[in-house]
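The following blocks contain the structures, represented as structure tokens.
What follows is a pair of complexes built around subunit A, which joins subunit B in one and subunit C in the other.
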Partner chain A sequence: MRNRIFSAFVILFLSILIILPLSITFLLSVVPVWSEAIPNEFGLIWWKEILRPAYVKAIFNTFVVAGLSSICIVVYGIVGSYLFTYYDFMGKDFLFSMILSPTYVSCTVVSLGLIVAYVPLRNTLWMMILGNFVVVSPLVMKYVHSSMIKISKELIEASYSLGSSKMNTFTKIILPLSRQGILAGIILSIGMCMSALSIMLMLYNAGWITIPIYIYLENTTGTLGIAGVFSTILIVVTLMTVYLVDYVSEKYAGF
Partner chain B sequence: MKYEFEKYGLLFFIGIVPVLFFFYPIFLMVQMSFHYEGAFGFSNYVKFLSSKTFIQGLFNSFFISTISVIIISLMGLMIVMSVRDYDNVKRVIKLISSLPMVFSSYIFCIALIYAYGRTGILTHLFSKFGIDFPIHKFLYTKYGIIFANIVFYLPYFIIPLFSSFEEIDPNLEEAAESLGSHGFHKFRRIIFPQVLHGFITGMLVSFLLIFNQISIVLAIGTGKTYTLTYLLFSQYERARIGMANTIATVSLISTFVIAFMFQRILRVIRR
Partner chain C sequence: MQDSEVGIRVEDLSKSFGSDEIIKNLNFQVKRGEFMTLLGPSGCGKTTTLRLILGSILPNKGKIYFGDNDVTDIPCHRRNAGIVYQNYALFPHMTAYKNIAFGLEIRDDPDIEAKIWAIMAKMNILGLEGRYPNQLSGGQQQRVALARTLVVEPRVLLLDEPLSNVDAKLRYELRSEIKDLQKSMGITTLYVTHDQEEALIISDRIAIMESGEIVEVGSPGDLYFNPEKEYTRDFLGIVEKRLKNLENFRKRAR
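Let's look at the complex of A and B:
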């Protein structure tokens, strides 16, 4: 009984800490002027405001950057996972640690390194994609690898012994059976690339401003309503991401 | 032959990426930190060590990360211990906890300010009941950054710790209980040693993430409280690339030293 009460308290505590502040972000987007602690006037003025071409472009840019980055990240994640699961070679663990190392280094350090090393790409769309790729791809590879490693080796051997080619086995057996990890990786990648600020802070250019950059710029100039709208859009995307990852994990848990 | 060709082809493709886009840029950055006005030397490092701001930034990074990780690990352990027997509660906590993991920490901090800041909703609501909600008093200081770190990075500690607890053999616990070990004794002698590896790994991951993050410091520190990553960004914005490279190198060395220390601890535990 005492443990149950404590469990309920823990859920309440985490909800106050995590969910409540997120719901306040939504309030920011529907309060025209937030001058008092409890707002007394509500409206969609900030939501109408984001229909301005500059803001629409920011939303478009976010989807383009996140989409293109995710394509590269997922392809690399699948190929890398395939290599680490089905091939043996010297220094396998070392290479895997090398690939995972950007995860533990500051995004600002990664950004500065890319700027220093690839000067011609500075302030281009490609640099933004590269930044996302370096930071997010290790996580996605980890996801896909953990899913691919669960596939029974006997199944793959049976496929080869029945005359199936490597490519055929890969597309017909390995990919479908590791879809849980791949889908979770795709969703995670899109979610992370869409909300990435740390990596974009130093890599963005004026023509490719994304939603997180706009939130940062709007917040520093004091226009919190727009920041609230963009934050709400990102929250919805994030919630969908969390829900989809959970759903995908549950649905294909048996594979 | 074909197998070997495929293997080395894939190996080249996968291996070249971190080399080209992570290690080569890092190498160039470290190399450039030793260049000052066209000549090789340690001038940037001398400047770094003689600047109160940079040393304070380094201290702040370690202070904030250490205190945050200590609190996160104690809170995380308590939470996981108390709900580990209830699958439904675990599921809800995992779901709530996974939110910050895919969420922008900067937006999260803006939300925290509107909830717990001086004119925040919660501060106001509590004041209506005559309670002075204390968070607003320190939200804009380094303790506010620690608070935001705890809220944002707690899940990074909780979720792996749940996995460690799930791996504990229930028979071992039953055997301990039948031999008269209960409560804190059981926790200290039976449970904790089994999750210690996951606990230390969780601490390492949280420490590195907090040490290297910038968004929370940007949103809550507002330029008054600064860490190494914040100083790196501000030096870059002022086009002082040499000093930015130096700070980045110091940050990398610190990260390496922390990871090395934790690895040593893990090795001792394994023995």
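Let's look at the complex of A and C:
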């Protein structure tokens, strides 16, 4: 009995620890002035505030940067994982660990490297996409690769023996069976690209300010209400992505 | 043997993985319509030989012929060699029907429906068409796997220990079903197993393998009663020991 109470207490504590910051960001967005320990006045003043063109543009920019980055990342993650899983070539293991290496390096360091290495792209939208790509794609590739590597070689051989070409086997067998890893990669990619701060701070161009940059700027100037609204938008979009991907995954699961 | 009588011919076939030579200058023939078994202990290179014939791996040396045709450099998906595995290898995201239809759809076969129902009736799996592999028993999965392979009328049939995962009773049933199907379709079949008893019962001829080489080839009767090689005598002698053990058990039980 005592063990059960202790376990319940630990779970409750951890849940509060995780949920509290998210709840407070939402509260920030609906409290006009937070002067007391517990807010006593609520309103949508900050939500109206973000209808200003600069903020709307930031929301648009975030979707464009995250969307384009995620498309590149997921396509690369799938194709790259396929090549690393099903083809053998010299130095494959070394190349794979090199490709994954940005995962273990600070985003700020990677961004600095990008600025120096790709001077012509400096201060462009493409540099922001490239930043996301370099940092996030290794993680997505890891997810997809670990899914693909679990597909038994007999399934692939069976497909070939039935007359299926490599492309047909890829689309009809490998892709559906790697679904879990690909969907996890999509969620991870959208989530990380939408909320990337350090990369965006290092690589952004004045015309392409994104939501995380505004959250940072509003926080430094003390306008926590706007930061709260943007944070809530990011949380909602991320949760919606997770639910949408889960829904699609279950609807087309079939097995 | 005339080329026209040859189903599969393997000439000087060698395969290495790194520094390990798994298959060493293998030579054998399977007659057209014959049921031949590669019999040997685990790790002797039986499955590697099968995969070389299937085309999923390429040999370092040697030639593989289907009839008169050299298929050594033909990719797996153009060889028309069907394979059935020990673990069935059914596509888990497709129903039994879709699994069987897979090869026919690739060929744009005009009679897909008719062919599928015919093979399902033949394999006694009617009524299972809407089920996914994880909703089928081991025996049902094996029947679907056989149906999927046979429905595209492959030039050669390769069976990689297909009965290892089913219980003893079902193994006896499927054994005779496979043999009957093979005879009725007249398909050249290469069967891989480490089970001496199974090889003796099901095969027209047996090739005994050890360490990537063929030790002896012959009919089950010749190899069992008059083996030329000591290894064959030892390897098939297990069956005799099993029979003796069974006899002793019967005596004790009485």
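Operating definition for what follows: the second predicted complex is superposed on the first by the 234 of 255 C-alpha atoms of A that agree within 3 Å, B and C clash if a C-alpha of one lies under 4 Å from a C-alpha of the other, contacts with A are read in each partner's own complex, and residues count from 1 in each chain.
One rule holds in what follows: contacts are C-beta pairs under 8 Å (C-beta built on N, C-alpha and C of every residue); 3 or more make two chains touch, one makes a residue touch a chain.
Computed from a prediction, not measured in an experiment: that's the story for all the values here.
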item: Subunit C versus subunit B on the shared subunit A, clash or fit after superposition; value: fit
item: Subunit B versus subunit C as contact partner of A:I173, first or second or both or neither; value: second
item: First (subunit B), second (subunit C), both or neither touched by A:G163; value: second
item: Which superposed partner A:M202 touches (first subunit B, second subunit C, both, neither); value: first
item: Subunit B versus subunit C as contact partner of A:V109, first or second or both or neither; value: first
item: Contacts of A:E154 with subunit B and subunit C, given as first, second, both or neither; value: second
item: Apex subunit A: angle to the C-alpha centres of subunit B and subunit C, given in degrees as a multiple of 10; value: 100
item: Partner chain(s) touched by A:E41 [first = subunit B, second = subunit C, both, neither]; value: neither
item: Contact breadth on subunit A, by residue count: subunit C or subunit B; value: B
item: Touching partner for A:P212 - first (subunit B), second (subunit C), both, neither; value: first
item: Subunit C versus subunit B - closest C-alpha approach in the superposed model, Å; value: 9
item: Subunit A positions touched by subunit B in one structure and by subunit C in the second; value: 166
item: Residue ranges of subunit C touching subunit A (in the complex, touch as defined); value: 51, 54-56, 75-83, 85, 87, 89, 91-94, 102-103, 106-107, 132-134, 148-149, 152, 154
item: In the complex with subunit A, residue positions of subunit B that touch it; value: 6-7, 10-11, 13-15, 17-18, 21-26, 28-29, 32, 79, 82-83, 85-86, 89, 92-93, 95-100, 102-108, 110-112, 114-116, 119-125, 151, 154, 205, 208-209, 211-215, 218-219, 228-229, 232-233, 236, 241, 244-245, 248, 251-252, 255, 259
item: Residue ranges of subunit A touching subunit C (in the complex, touch as defined); value: 152-155, 157-166, 168, 172-173, 176-177, 254-255
item: Partner subunit B, residues of subunit A touching it in the complex; value: 3-4, 6-7, 10-11, 14-22, 24-25, 27-28, 36-38, 76, 79-80, 82-83, 87, 89, 95, 98-99, 101-102, 104-110, 112-114, 116-118, 130, 133-134, 137, 166, 188, 191-192, 195-198, 201-202, 212, 215-216, 219, 224, 227, 231, 234-235, 238-239, 241-242, 245-246
